[in-house]
Structure formats: C-alpha cells, structure tokens
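Chain IDs A, B, C and D follow the sequence of writing; residue 1 opens each chain.
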Amino acid sequence: MGPRPDGKLVPLREAISRFVPEGATVVMGTCLESLIPFAAGHEIIRQRRRDLTLVGPISDVLFDQLIGAGCVARVVAAWVGNVSAGLGHAYRRATEHGIPRPVEVVDTSNFAVALALMAGALGVPYLPTRSLLGSDVPRHAEAFRFSEDPWSGEPLLLVRAIQPDVAILAVQRSDPDGNAHLWGNLGVTEEAALASRHVVLLAEEVVDPEVIRSDPNRVLLPGFKVSAVVHCPGGCHPSPVPGYYRRDHAFYEEYHRATRTEEGFREWLRTWVLEVPDRQAYLERLGPRWEALRRLQPAPAAPVDYAW
Amino acid sequence: MGPRPDGKLVPLREAISRFVPEGATVVMGTCLESLIPFAAGHEIIRQRRRDLTLVGPISDVLFDQLIGAGCVARVVAAWVGNVSAGLGHAYRRATEHGIPRPVEVVDTSNFAVALALMAGALGVPYLPTRSLLGSDVPRHAEAFRFSEDPWSGEPLLLVRAIQPDVAILAVQRSDPDGNAHLWGNLGVTEEAALASRHVVLLAEEVVDPEVIRSDPNRVLLPGFKVSAVVHCPGGCHPSPVPGYYRRDHAFYEEYHRATRTEEGFREWLRTWVLEVPDRQAYLERLGPRWEALRRLQPAPAAPVDYAW
Amino acid sequence: MVTDVADWTVGELMVVAASREIRDGEVVFVGMRLPLLAYCVAKRLHAPRSVGVFENGIVRDVPTPQLLYTMSDTPNVVGAVWCTRMANVMGLLQRGDVDVGFIGGAQVDRFGNVNSSYVGDPHRPQVKLPGSGGAADIASLAKRLVVILPHGRHRLVERVDFRTSPGYGDGPGWRQRVGLPRGGPSAVITDRAVFRFDPQTCEAVLHHWHPGQSLQDVLENTGWPVRVADGASPTPEPSEEELGVLREYDPEGVWTGNRNRSDRP
Amino acid sequence: MVTDVADWTVGELMVVAASREIRDGEVVFVGMRLPLLAYCVAKRLHAPRSVGVFENGIVRDVPTPQLLYTMSDTPNVVGAVWCTRMANVMGLLQRGDVDVGFIGGAQVDRFGNVNSSYVGDPHRPQVKLPGSGGAADIASLAKRLVVILPHGRHRLVERVDFRTSPGYGDGPGWRQRVGLPRGGPSAVITDRAVFRFDPQTCEAVLHHWHPGQSLQDVLENTGWPVRVADGASPTPEPSEEELGVLREYDPEGVWTGNRNRSDRP
C-alpha cells in the first residue's frame, strides 16, 4: 500500500522532519526493552535535531545514542543505560563531563513516568501516588510536589503531568490512518500515545483498515490521534518485536564495548547511523544476522469472534 | 471441565453465598449496557441478601431489580433506569417513596465512577478531575472534595477511591483459575476488577489455560486476583455478549411495562427470578427466543502471532 | 405534545437539526437515540470524516450495520476502530480532543444548565430521574455542547432544580470561575425550536421555530422571557437526502416516531 | 572481587539464597538477572504457586521457555497470563497486592536504603548511575524487599550518597512518618553474606556469611560496625536440586558466572 498524497503514510525522513522540531519533547521506548523505535532515533541523529527533551521509563541504549550524538538537552527518564550489558557510556560522558554537551537529568521512577503520562492522557495537571515518599528521587519541584489526602491527612506525592510534543511508537501493524495493533508488554505506550500532541507510528506492516477494525480491542489508539504512519520493517532492531523478530543481545554487548571511548562512540555512530541513509541500508549492513533473528517459533493467539 | 474440590470454579450459588455477604459493596454492570451479570443479580435476590451498596456507572435494569427486591441500602451510580425503555420504576418507588425500603443515592457521573474505581485499582485515596466543576452532582463530601492544582492554582475536583468488596463481572471465556478473555467495549471493567477485594467471574465458556495464555493481551486481570469462576452460559441475558448473543431489546420493554406497579414488579420477579432455581431454568423459560438471540453474523478477529 | 405537520416527524426534524451541528472532521461524543441518528446522517452527508466516541469505550468512524438501541449493542462493537476503557475516552474529552457532545435532559435553563437528576427539591424529590450518566462529564469537558429535549414550560425553565450538567452557570465568566477548562452549550434543540447562546450574555436565544409552530407558541411554552435573535426564522426543513439516510438507519421510526404507528396523531 | 570455592559460583549461591526468600503462593515483583533466576528456582521447587510480576506489564506463573536477557524479551511474553500496561502492575504494587520485590543497586546502607542514582555529590556526581528504573517504586510499595548487590566497603555504607529506593530511612518509625504504606527491606544478599533487618532497630544484621568467607572478611568489607545475629552461621549451600534447576535455565552461566569461562579464577 503506497503513500497517499494527502495521507499520513509517509517516509520516516518526512515524519521526523515534520514532527520532531528542534527543542521538542519526545517520548520513546515506551514498552521498555521491546519495540524501541531505533530507526526513528537514528533518523533524528541524521537530521541533527538539537535541544530535545527525551521522556521515557527506560530506553535501553536509544537515549544513550541520542545523547552521545549531541541531540539532547534534557532527559526525564527513570533509567538510562544498557539493560543487558551495563552502564551507558555516552550518558555518563554527558552527565559527568558535559561531552559532547551537558544534559540535564530529571530523576524519576518508572511508576512516576507512567503517572506523568497518564495525567497527560487524562488531561489533569497531576496524579497522586504513595510511591517515592522518603526517596531522594522527587527533588525537582517542577515535576513533583508533596501533598496529603484531604480525607485521611496521609502524605502523598503529586506527579505532574507530561504532555510530550510527540510520541514515537512502534507497532506490529497499522492501517494508513494510524489505527494500529500492538501486542506484547505495553509498558507506558498507551499513556504516551494519548498524552502527546503528535503520534508517529513505526509499523512493521501496513495493512488494510479491515484488518485493524476486525479486532478493535487490540487497537493502540484511534487514528485521529495519529499524525504520521511510517512503514518501517525492522525499525526496532536490536530490540525485539513479538511476532516479528527476537532481541539481538550481542548487538547491545558490541555497542557497550565499542562506545567505551568517545572516539569509539563516534565510530559506532558512523557505521550504524551516519553512513546508512535509511533502515533498509541498516538491515543490509546487518546481513545474515538479521535473517537469523527473524526465524521464530510460532505462537498463534486463540481465535476470537466479534459475532453480532 | 468440572469443578475442582479446592478450585475457584464453583456454582453461582456458592460464589454468591461466599463472596456477597450482607452489607457488601458490590460493583456490577461495568461494561455499561453489555455483559451485565443478570444471573448473579438474580441469585443475590434469591439468597435474600440485604443492605448492599451497589456501585456502577449505569446498570441498565439490573440495579432496578435488586432495589425493587429490597436488597439495596445505597446506590453509587451515575444513572439508574432502563436504557432503551425509560425510567426504572422500582428505583423511583424506592427513592421517592421508600418502597420496599428507602435507598440512599450518592449522585455521581460515569467519569467519576471510572476515576473512583481507578483510584481503588491504583491504591491511591483519590484521583483529580476537571469534570463536574460547577455541577451539583458532587455534593457528597465523603465522595468528592474541591481542591486545586498546586502548580497553577486552577480548581480541581478530587474523586475519592472506591474499593468494592466484590466485583461481579461477565467475560466471554475464563480458565479455571480466573485468567479470562474479555472483548468488546470495556467500560470500567478493568478498574473495577483491579480495585475490588474479591472478583467473581461469570464465564460464557470455561476453557483450558492454554487458550487464555495464547493471548495475554486480551486477559482482563491475572487469576490470582480472582476469587471465583462460574461457568454460566447465557448469564447476561437480556444484555448482549459480543460473539455469543445479541441484546433482547423486547425484554427490556416488557420489564418496563410489567413493573410499572409494585404488584407488577413482584409478579415479574416471581416469574423470572424466584420461581427459577438457576440460569439454566431461566433460559428454558425464555424458550425459542433465546435461540434466536444466538443466531449471529460471524466477525472473526484477524490472526495474531506471538512468535518468539 | 407537539404534532407533526409534514411528511416527516418532529423527531426527524430534530435529528436533522442536530446533524447540522456536526462539522466535517470533528470528534463527536455521541449520545444515544436522536444524537446517534444525527451522527449517522452527518457522517453520510456533510461530515464524512467525523469520528464518533461513546462513553462505554467505543470509537468508530463508520456507521453501525444496524440501528442501535444502546451504545453497547453488538453492532456498535463490530467494525469499531477502538474498543477500550471508559477512562480512555473520557480522557480524550478531558484533554480537549472532543469537539462536540450531545446530551438530553429533563430540564434546561436560560443559561444552558441541564437537569437530569431531580424534579423538585433534591432532598425530597418529586421525581427521581435516572441521573447524569456521562452527561455532566460531556457538558463539563466538550468544546461545544448540544442539548436535545422536549419543549415545555416545566422543561425550559428560568433556573433548573438541580444543575446536573453545567452550562453557563449564572452567566458570563462563570465557567472560567468554577474552573471548567473550556466549552459550554452552543445549541438547544427541542421539538418546537432551536436556541443558540449569545456569546456576550451566555443566554439561550431563539433562532428557529419548527414548521407548524408559531413564534408565539414557542414563547408561551418557554419558562423564561425569551430573547429572539435578529433574523430568527422557521427551522429549515429536512431535505429528501437527509430523510433518506435517516430512514435507512431507522426505517421503523423507533427513535423518531413511526409515521405509520397508531399513536401518531 | 569474591572468588568461588566450590562446585558452584557465588552468583549461583546468591540466586539460591534469593529464591529461598520467596514463599509459596506469593506474588513476586521480579527484577532481571539474579532475581529472575531466583524466581525460576523457587517456582520449580518450593513455591510452585508463586506468580511473577514485571514492571513492563507482564504477569506470568510459568517459567519462560528460554533464559531472559531483559524482561521484555519475546520468550517472556509467550505464555504469560497477562500482558498489560505498566500502570496496572504498579497499581497492584501500590494497592498492596505484591508480597516481595527484588532490586539491585550500587550502595545499600545500614537501614536498607539503596542508591542507584549517583556516587558522590548528586549535584556534581563522581559517577552518574542509570537511575531508579522501577526500584524506588518496588522499595516504596512491596510488602517485603530483598536487595541484591556485590559486597564492599564503598557499597555497604553507613549512609547512601542518594536515597533512590527507601529502606527504613533513619530508623524505626521513619517509613510511617514519610507516609509509605507498608513494607521495608527484609534481606540484603551480597556475594559475601546475607543480612536481615532487626524489627526493633530497623538495622541490617548479619545472619550468614558465604562459604569461603570468614565472619571477619565480611565485617572488614562492610562500611558500618556490623551487628551479628545470635546464631549467625555460614550460608546454607545450594542443593543439587537447586543447582540443577538453576543450570537448566542458565546453562552458560550468563548471569551467575560461567564455571568454564576464562575470566574465572
């Protein structure tokens, strides 16, 4: 199904160029370690976007890459690093030494990120929690306030809403209008999608609207909330997509080793981001290893009928 | 699949007897007009439970029946009546004239019911909203408080959490441990399930755990939160169950006409509740009309694979 | 009781008038009965890109394959673009993603406040009505609100007995003062007339009276001294096209009054 | 660096010790790496009815078909009993539905507070660590908390540089005072020892030192004057059965140290 002139189905380059302006607040990596839209992050790097605020629970190495490439002014995340391999070297260089530029870190927790986005999705200024009471994490007054339950007087923490400029989210399949099916662990994806001003979807497959409509309970959010749909198979490598490909654990190890030094990071970036024009070229560079990640054991869902 | 001696799979009679004690707070009718667990309401009436607090957004005529039967002391609901046919006569008799007993009404709205249950599910004392500001609805101080956003100073309404003693919920299929698939409009079902101390499921079908596990995104809540599973085909008539049966619109009209007088209500109750020992007998009394409601147009969901 | 004067029922006129409140591309919080039919007519004719949102958690952008008696009927699920939790669709509403919402009610007052809770003193009600449902939420949070109800002096009142769904409260500035983020009524459609709201005074002003009604009938049957808009006129009649679509969805006149039923005049 | 002294690695001993913290029927908030393996061992041996909850939104009650490198690996999705939003599983935690949670960290102090954010002054950190992830939430809200980390004087400290995950704060009554609804650490498992918390003083008390360690080694490598429990003893060794199950899940020793790898002493 090709792009329509007036439609939302656009190439990744155009989606990033239109919906990720300089200084934007961008939420990504919302499923945690799966369905991370690495292809979008790489395109942001290639387009040299600057002063971004990144929002996410954890991002595995996506945020590390954007920070190392100098795109980021601020991070609102519960955890930044390399989940299976260890610390994020680029993140450390930026936060400890300002290389390639200083990055402000707003400490938070996974639950607080979920609540901030849920507040944004619900259109309320904050949501209350009992988490993080007594923790040093909620020290930014623009993100957290201490309060109490007006009925019992018990302490509560208020987590301020976040409404990102754009959510970049990966899904298994979408129709050209952005009605999309997502399955597997959802993390904060639904909240991020509903909270954001724009939603850019990276879809492994673009399918007919009838496929999506046949199972409306599996839809992530309605198409009218989606600004762009990008057909981007393999767009999440090295992270996994249930039903499509496995996680490339070794790739994270290799990244960890390669980016220990600033020079190593720049070399890695050249090889995997700057020298590859698009995701197709990236997958070709991966070679047979990409094919191997796509050899899967089937696990079909039991049939469901919406008979009426 | 028969009941196991130590299991959760029990007859409806036992589930109600164990998990709906006198004075309990019970949430039902959480999908709105579909999947209403009428069979459970009727069993509550037969077991002559008293002083219940009913919680729900709207209930179509289920709450009207329980109120008319004298089971209810208090209603926390956004709307009580007969959705397609008009007012609820039993509800009016109870609230206007105390017949058969006075019923306290806590006014609320659909969104406020959703937020109260969501607060209960999240384990926080309240959730804030911008809805109902300036409305006379939030006049019960034990359910609502006015407040403001500590960052902007803007007015907010706080909706107090509800954690019902029991949620009685209908699902299309469940395994014997209470891992269940639900599809169609969800209403406040997820919130009600997670907020409540006990969950009783009425399942159209009881299936092997493998069926449920094959599609974990469609699961309502994990089995460890479920106290009882009742195999109760047809348990929602006259309300509809997607994939299983249509709504019996005429039945609501008939109820509306029949229950206009107190005597008419008692006669209706005898015919459809007190004289039928269980759901099987009720369906037999419905006769061929029940078969007609089950002749459906198929609408299968597109296949999904969790290949790994 | 208002009687019909043409080859269409007053119910059909109301549906068509309501459908004209929906603009193309809008997100519509759809109520049951007349508003649902209004959405179907608009969707088919002048607002093909409009999207319907239902408080039970359904979002759909194609009409249902069958007439609905309730929003949770199985034909409303099939072919929907989203079946989700009520909190998600109410979140859309609260965020400001919903352009227009429709509600009914037992009373509406001069400032567009709607009562669907109690007739008489709320503490000893003469009539206990079913309650808000989602109406108070829609009235609080949609960008525009359309109220649909039968006309009468006890229904269009100076001040509602109970303000279930907030309109403009007691007048200009009230919504901002109580903290409502946006919105307010834009029209009241009855079986006699169409009112719109004066942006300065926030008062309901008569814009149209239905064919078969006189201006005088409307004024006499309204419970406050009604202001009449400059250029007020009879309500435009439904077109053949509008009636055609409407009757395709509700051929028996379940919600608009059956033209062949014995209870018609 | 602690070295192994037997036919099992210290990592394996830690996993087995952690698995013994899980009781049958419990709801376990599972962390990655060692805690995940601990859950698998417990599930197969002494806690067959336990349920694992993951912050990405997965709940499962059967072990995964493959070793996991992260909780969102595809083998963790397949066969789960629930795949949902993080908010739902965090809601379980906040409601009090989770019996025990496991977290790691860079530092733990005498009162069980854990730092995974900053080494040194948080405003000019010597090391910027990855941060809380879900650890602070688990520490705040689970009924019991088990902390797993490597041992060392700079890791087991009198007072953490930054209190990411609240333990008992500065001692008795602190959790109630700050408003935490329940919980607190029940054990700290290191590569040298196992500590438990004195219910009166809220202080970490040494209960076991691992085979190959002396009591003196542990005391010298801990950053506060350690109290030793009455009847403190060497950590019970892993059984054949425990090692068998563990090595079935992690035959290569990815998370517990490879017994055949060249980097072993």
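List of remarks:
We adopt the following convention: contacts are C-beta pairs under 8 Å (C-beta built on N, C-alpha and C of every residue); 3 or more make two chains touch, one makes a residue touch a chain.
It should be emphasised that the depicted structure is a prediction, and the values quoted were computed from it without experimental measurement.
Between subunit C and subunit D, the least number of touch steps comes to 2.
In this structure, the chain pairs A-D and A-C differ in their number of contacting C-beta pairs, and the larger number is found at A-D. A centroid comparison over C-alpha atoms places C as the chain most distant from subunit A. Inter-chain centre distance (subunit B to subunit C, centres taken as mean C-alpha positions): 28 Å. Per-chain Cα centroids separate subunit A from subunit C by 41 Å. The mean-CA centres of subunit A and subunit B are about 37 angstrom from one another, to the nearest whole unit.
Multi-chain contact residues of subunit C (touching two or more other chains) are listed as 58, 74, 77-79, 83-84, 87, 90, 93-94, 141, 181. Multi-chain contact residues of subunit A, defined as those touching 2 or more other chains: 122-124, 129-130, 154, 156, 183-184, 186, 190, 212, 217, 242, 246, 296, 299, 306-308.
Taken pairwise by the contact criterion, the protein chains fit none of the simple patterns, being neither a path, a ring, a star nor fully connected. Interchain contacts (touch definition given at top) occur between A-B, A-C, A-D, B-C, B-D. On the subunit C side of its complex with subunit A, the touching residues are 27, 51, 58-59, 61, 65-66, 74-75, 77-84, 87-88, 90-97, 141, 181.
Interface residues of subunit B facing subunit A in the complex, by the touch rule stated above, are 122-130, 142, 145, 147, 149-152, 154, 156, 158, 160, 181, 183-184, 186, 211-212, 214-215, 217-218, 242-244, 246, 296-308. Residues of subunit B touching subunit C in their complex: 31-34, 57-58, 60, 77-81, 83-84, 87-88, 91-92, 95-96, 105, 107-112, 114-115, 118, 129-137, 154-156, 183-191, 239-240, 242, 246-247, 249, 252, 296-297, 299. The residues of subunit B lying in touch with subunit D in their complex are 120-124, 179, 190, 194, 212-213, 216-217, 219, 221-225, 306-308. Put simply, subunit D touches subunit A in their complex at residues 32, 54-58, 69-74, 76-79, 83-87, 90, 93-94, 117, 122, 125-137, 139-141, 162-166, 169, 174-175, 178-181.
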